[in-house]
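Next up: the structures, one after another.
In what comes next, subunit A is part of two complexes: it sits with subunit B in the first one and with subunit C in the second one.
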Partner chain A sequence: MGTTSNFRWPWQYDFPPFFTMQKNADTRFKQTEAWCSLILDYHNHHKLFRLRVTDVLASPLFYNKAIDRRLTKPDVIEILSILHKKGNIEWEDKEKTVCKVFWKTPAQWSDIIFKWVNQSGLNNTVCTLHEITNGPHSSDQEFYALDDQILMQAIQILQASGKAELMGTEGVKFFT
Partner chain B sequence: MGYIGGIQAKRGVGASAITKKKLEAVRYKEHGNELAMIQLDQLSGQLETFHSHLEKFAANHKQEIRKNPQFRRQFQQMCATIGVDPLASGKGFWSEILGVGDFYYELGVQLVEICITTRPQNGGIIAITELHQKLMKTRGKYAQDVSIDDVRTALSKLKLLGTGFTLLGTGLKQIVKSVPGELNMDHSAILELAQKSNGKVSHADVKSVYNWQPERIQDVLEHLTKEGMAWVDTQTPKNETWYWFPALFGVGDNK
Partner chain C sequence: MGNLFSSKPKPKPSRVTPQDRAILELKKQRDTLRTYQRKIENDQEVLKRLAKQCLKDGNKNKAKLLLRKKKRQETLMTQTEQQIDNLEVMANDIEFAQLESNVFEGLKVGNESLKAMHKLMSYEDVEKIMEETQEGIEYQRELDELLAGSVTQEDEESILAELDDLVGDKEKIQNLPDAPTDELEQKTEARKEKKQERTLLEAS
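Take a look at the complex of A and B:
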């Protein structure tokens, strides 16, 4: 996982009312937008791809111990449904207890990966999926340790636009 | 004159005495006017000299005026004494040689930018100290030094342009309001109170300090919330509602 330290919380995080859902419509909008960004940034920084609602309620993300403020479960569900509309989360179950978090959408990942493929001269060679996300040449890349399912979605997008072709279950060939 | 007096004296004492007095009065009046004329001449001459001295001074101390806020303020006060406004816009010695008019215009633009970019966060009010801090940051470390007085001066120039900037409160605790809309004495009073406790007030705080009626307190707090200047916090120790102002929160700390 990523380090809990050196994550830069936004100013809102230490602002007590941030954890009370505002009734004023304009302020409410600013608030939910800020929460959406925070959730994505937090998952990005810690390289987390999945969110379990019960777990996360007690985590620093939704509970700021220093100021003794927290979001309630209904609040979290409301914000997650906004993120869902934006395409940044996908519920894994009907009960909405767990979701996948796309701090980048699969389409965005596909762009980043394809760029890296070009820069590294890996076109027209066959790579394993594993070496893309866990190989020595990608250790400094954003997609390092990317979730397998998300990687697959990204590759499929490239495949659909003729930029790649899956080889079996483990390999992929990239074209120019 | 003497000759006339001489002839008059031959006629008799009474008549000459009256005429003499009359003549003296006339002489005095004309001489009095002359005196005033001379004095006026001298004065306007002095003013002209003074004005040109001031211009010379300004030209010689151009750098000082540009770099040093205290010096700049004293120079402006000196100008005000003889009724010269170095900030008058338009062409002329002041704006061309000194570039002082442009200086405050430039500041004004930067201040407006800061107010606009911080508006989503603070609802259109910002502590003058924070505004000043952000201005310094925007201008960078190689730019001229700018004081809080310079900020006030620039804001007053903006006000003349009708851009709706208002200063609330006094001194270093002043708050700059950059949005249109009603903010009366009651609102200012609440902001002042909030400044003293890191940007927050409760209904009870207002009551204990100002002793207003509950409806009045509620009205003001609701208005400030509606304007987006205050956020509501209900997770408080005694379950009362607290009102927090982003503009006044953490000001003074390193934000």
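Take a look at the complex of A and C:
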């Protein structure tokens, strides 16, 4: 999915020790932080909202073919659990095989969507969830092709503050 | 329906009207048609590619068949477009009718409050007040005239005449001839001579 990258890898990506977990606590902290932001940037760039651990192990994200280095599964799980603590990912199953990746939190998405609602005068209008993320009126928006579940979470936030009301699972009415 | 999915009970009543639900249904249908359009577009691409391939392989008949299929899908596409348009017109009509009914509600409220205001001011009262006000104005004018010593039309005329006189005088003054200067000079010269004589006399 996504365009083949003009994604800008961080310098660490070409640095072989980056793919081996460091022993020194300080260095290890910096290393995991760099991995965390790399994962979020990568998913942001490619507009990916979901990560399947088995798939991603072989993807360029954790496997640098050029220097023939890869991150092992336990290391990936460790970094993902750090992201989980930060609130940037959410496991979808108990076995921790698939997770949602929030390079923007649902609250941030709700702000962006509501700004768009105001700008395009959609207040007091009924919209299908499908047209919000896939309609012709939002093709230039950041939330175009946003994951359905994340969209739902964002709209639930708007609903809690009275700015929207869900109509079942397929529609929403926006207010002011 | 929304209550099924939100965990906590809603304090406020739903702001979704039955019309909103109807609009949602229409828009959902529209979304379905749009997805269908995408499918057709995709099919057409595939058919075109296949037809090209068939031509390359020398299978002209099959290529023709594929292109015919593609043509059929084109008409399907325009029909879908029309259906989408119909759905959107319908949804827009409902939305607008809802707005209109809001406007009507607004006008009704405004009308009622206007009526209430009118009840506070009866026609007779206003007429009476306006009459009294008019009387008051008249009375004030009379008072003003008395106090100002009442300048009448005749007074006004005499004032204007006086003003004209004044203007005439000023013009007369301006037309006077210039005062002669030569004579005066001679006199002063004579006086000077006399003075000189006198001083000479005193000195001797």
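Simple rule for what comes next: the second predicted complex is superposed on the first by the 176 of 176 C-alpha atoms of A that agree within 3 Å, B and C clash if a C-alpha of one lies under 4 Å from a C-alpha of the other, contacts with A are read in each partner's own complex, and residues count from 1 in each chain.
The criterion applied here is as follows: a residue touches a chain if its C-beta (ideal position, glycine included) is under 8 Å from a C-beta of that chain, and two chains touch if they have at least 3 such contacts.
Given the structure is predicted, the values throughout are model-derived calculations rather than measurements.
Student: Pick one for A:175: touches subunit B only (first), subunit C only (second), both, or neither.
Tutor: It touches subunit C, and subunit B stays clear.
Student: Which partner does A:166 contact after superposing on A: first (subunit B), second (subunit C), both, neither?
Tutor: second
Student: Of the partners subunit B and subunit C, which touch A:156 in the superposed model: first, second, both, neither?
Tutor: After superposition on chain A, A:156 lies in contact with subunit C alone.
Student: Going by the contact rule set out at the top, does A:70 touch subunit B (first), subunit C (second), both, or neither?
Tutor: The answer is first: A:70 touches subunit B but not subunit C.
Student: Kindly classify A:131 by the partners it touches after superposition: subunit B alone (first), subunit C alone (second), both, or neither?
Tutor: second
Student: Which of the residues in subunit B end up touching subunit A in this complex?
Tutor: Touch residues, subunit B against subunit A: 120-121, 200, 225-226, 228, 231-235, 242, 244, 246, 249-250, 255.
Student: In the complex formed with subunit C, which residues of subunit A make contact?
Tutor: 125-128, 130-131, 134-135, 156, 159, 162, 165-171, 173, 175
Student: Which residues of subunit C touch subunit A in their complex?
Tutor: My answer: residues 1-2, 4-6, 12, 14-16, 20-21, 23-24, 27-28, 30-31, 34, 95.
Student: In the complex of these two chains, what residues of subunit A are touching subunit B?
Tutor: Going by the criterion above, the answer is residues 11, 14-20, 22-24, 26-27, 30-31, 68-70.
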